[in-house]
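Presented below are the structures under discussion, each in the form of structure tokens.
In what follows, chain A forms one complex with chain B and a second complex with chain C.
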Partner chain A sequence: MNEILFNNQVIVYLLSEALLYALLLIAFVFTLTLLKSWNFSHFTQAQFRLENRSYLVMSIVLFTLMLKMLLLPYFVYTIDSLSDLVPGAMCAAGVIKANGYGTMLLTLKIVLLFLSGLWMGINQLDMKTTTYRYLRAKSWFFFFLFVGLSVEMAWDILYFTQIQTTAPVQCCSVIFGQVGGANGLPFGLDTFKLMVLFYLLFALLFLSVLTYNALLSVLVAPLFLFIAYYAVVYVFGTYIYELPTHKCPFCMLQDHYHYVGYLVWGFLLFGLFFVLKGAMFSYVFKEKSEHLNRVALGLLSIFVLLCSAYVLIYYLKNGVLL
Partner chain B sequence: MKKILMNVLTFLLIVSILIVLLVSLGDENGVKYIYKGNTEHKVIPFQSKEYRCSDCSMDVEDLHYAAELITQEGDTYFFDDIGCVVLWLQKHAKAKKNAKIFTQTLDTHQWIDAKDAWFSRIAPSPMGYGFAAYAKKEEKFVNYLQMQQMMLQGKNLYDPFVKKSLLGK
Partner chain C sequence: MIVIENLYKTYNEERADAYPALKGINLQIEKGSTVILSGVSGSGKSTLLSLIGGLDKPSSGKIMVEERLISKLPDLHASAYRSQTVGMVFQHFNLIESLSVEENIIAALIPLRLPLNKMQKMTQESMELANISHKASQQVNALSGGEKQRCAIARALVNRPNIILCDEPTANLDKANTLKFIEILKTLRQLGKTIVIATHDPIFQALDFIDQTYFIENGSIRSE
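This part shows the complex of A and B:
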């Protein structure tokens, strides 16, 4: 049996995932009944039973999705801890590339995190109404979300069972370094232009959220995520590591760097999540939420300030930039 | 008034972002390290400090010692020292297939096929390996294969024994 499956973190992670998936499966079966038989205009015993049951089912889904959100950083922590077992890996970067499922799984988890948050948003709106206005919408949303969660569960198992402890993997300096002298940045950007683009996109996103321009927010948010990823890996990360050649999105999650990666990626992802949630509320449900926008702007501003602070502090201490 | 100001600001930001992206995309062929699309496999003329060495990442400043490697696909890599070409090829064996290597010569100041060149072992080359290309053979010069072997074995001016035997110090 694969040695990886005896790792404490992997056992805890897979068991938690399996347990949560079992809860979601129960909720899914009941959601199918809801979708099939729900009719709010009927004053029948069956409809009343469905209404009561819907509250229980949605509470299970809400609880489970919230726990799954907490499991994402734990998943990253787990694969980071596996770098001690997988030859060649210095951090989670090598482990995630140990087989073909790793990168797909992490991407899927981030997408599902966003979708789960949006489901919670619809659920929150639905709970405010007395007529279960959005029950069908959120049930259908959960239906598709569950398909994604099932794929995630399958990939979780395939990923962890297929990590080899005998085959060496590449370390982050090889994965994110300049392979063959090629420029690792997209659109032919250099470091300076990447920084200009990063701050311009942040300003545009800030402005779009501030002015409740939902469509612009939805368009700019993914682009900002894309550019911010490169900015953190190829520029800000080098200041976190204080080494111009060290380019890795995962090493900053380790204790040598005071786990700052969890804050950096957390503020970015949750900030963008609240941007999208606010945009959805405003665009789809015509409900402008000042509170959501404030949270989004706060989180994104902390992300930008945190990253910029590393550059500024390095410059003040050493008098040069990397 | 505030709304107009916000709209103008949004418009200006979008335009600025598009400009940065367009300038970068227009620049993509010559970003620091590689010139792409050289399907004719000819030497690409370039200025001092225009490119960086693909092996040591230093600016290719002194063009007298510069070298270019053109892969079968037409990707052109630039090097500040012929020794860097050898070290880079060791790490990128796939690029070796049908690759053309050109080097500047110190005597004729022209680009020639590195495999036709003769190499001095005591030149003040940018990386200090000591190898510099010449079009004409002189005493104690080595050919490309010998130079390659010496680089891979570390028998260049980095080795104190080699340095002493060649330069007497």
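This part shows the complex of A and C:
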């Protein structure tokens, strides 16, 4: 059997995922009944039973999704720890490319993280009402979310069972470096234009959140995520590593760099999540939340300041830019 | 006003030992009135009281309290309803023995998240109303049965509820303390509170300020 599956972190990770999936499966079966039979205007025994159970089941979903959110950094930590077993891998960047499922799985996990957060937002709104106003909406949302979570579970298993410990993988410097002088940035951007775009999009996003322009926030947020990813990997990351050729999104998660990657990616992802959550509340449910917007702006501002500080400190120390 | 329509409560639903405690209850209790729920032990009167108080949920049927649908309140909102609208007095008082009278009463205000000085003022007022302020710092386990009952009444009143629900309030009291309790009930009635008392104590049948008595038998109700 593949020795990857005997790795402690992999065992803990897969068992945790399986356990949480089992809980979600139970909740999913109940959700199907709920979608089929729910009618709040009825005062029947069946309806009362649904109402009583819905609170329990939705609480199970809430706590399971919260635990799954914590499993995302643990997943990154797990694949990072596998770099000792996979030849050629220096960190998670090499391990994630060990087979065709890795990158897709990581992307899916981030998408599901966002969707889970949005589900929690609807749940929070529903809990505020006395008439279960958003119960159907959150049940349908969970229905589709569960489909995604099932795919994630399947890919988790496929990914870990198909990591080869005999075939060498490409290391991060090859994956993210500028091979043969080719520009790795999208749309033919150079570093300067990337930075201009990064700060402009941040300013636009900041303004859209500040003015409760939900539609603009929803449009700008994914674009900012896309550009911010390249900005961190191709510009800010090189200041974190203090090496112009080191372009990797994962190495900054390691202890050599004081795990600062968890902060960088964490502030970016959570900041954007709160932007989308605030936009959804405002646009779909017509509930404006000043608190959500403040959190979103705070997190994104810290992300931008943190990244910029690395550049500034490097410049102040060395008098040059990379 | 409390309106109950076609209310059923079955314990251990969907199990072999399912027990129907209430069967199709219909009744109306006017605002500011004092009502007795009478019946033998196990007839369902305490169950009915706990459903009105939002402590439990029915199997089916409707309970409206001050135009709010109580029987379908989600758990979080049921807690808010209990802490804002209802005061309950229990047969066994349900006090925290290791705390003082004042602490027991003020504890009921904690979920309302009021400023401390306001909570202390409300506690003082309710202790005076229940005639227990002279024992404010006394630990509950050192009180007599009657004093415990007055402490429980003060706790039930501290959130200034419109509805007072009493479950066998005199079952553990001697005659003198029962009469004191009745005096407090009269005061509460004068304050415009809606009072519902579940009891099988015959002393309540003879009281002149009782508006209505409902007799409960095997989970069904009949008005007398």
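Operating definition for what follows: the second predicted complex is superposed on the first by the 322 of 322 C-alpha atoms of A that agree within 3 Å, B and C clash if a C-alpha of one lies under 4 Å from a C-alpha of the other, contacts with A are read in each partner's own complex, and residues count from 1 in each chain.
Just so we're on the same page, a residue touches a chain if its C-beta (ideal position, glycine included) is under 8 Å from a C-beta of that chain, and two chains touch if they have at least 3 such contacts.
Note that the structure is predicted; figures quoted are calculated from it, not measured.
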Overlay on chain A: chain C relative to chain B, clash or fit: fit
Touched partner set for A:Y55, first chain B, second chain C, both or neither: second
Touched chain A residues, chain B compared with chain C: B
Chain B versus chain C as contact partner of A:T130, first or second or both or neither: second
Chain B versus chain C as contact partner of A:S282, first or second or both or neither: neither
Partner chain(s) touched by A:L189 [first = chain B, second = chain C, both, neither]: first
Contacts of A:Q45 with chain B and chain C, given as first, second, both or neither: second
Touched partner set for A:S208, first chain B, second chain C, both or neither: first
Three-chain overlay, vertex chain A: chain B-chain C angle, C-alpha, nearest 10 degrees: 170
Lowest inter-chain C-alpha distance for chain C and chain B in the superposed arrangement, angstrom: 37
Doubly contacted residues of chain A, that is, touched by chain B and again by chain C: none
Interfacial residue positions of chain A with respect to chain B in the complex: 178, 180-183, 187-190, 193, 196-197, 200-201, 203-204, 207-208, 210-211, 213, 216
Residue ranges of chain B touching chain A (in the complex, touch as defined): 3, 6, 9-10, 13-14, 16-17, 20-21, 23-28, 31-34, 52-55, 57, 77, 88, 92, 95
Contacting residues of chain A [partner chain C, same complex]: 40, 43-45, 47-49, 51-52, 55, 127, 130-132
Contact footprint of chain A on chain C as seen in their complex: 6, 8, 10, 13, 57-62, 68-69, 71-77
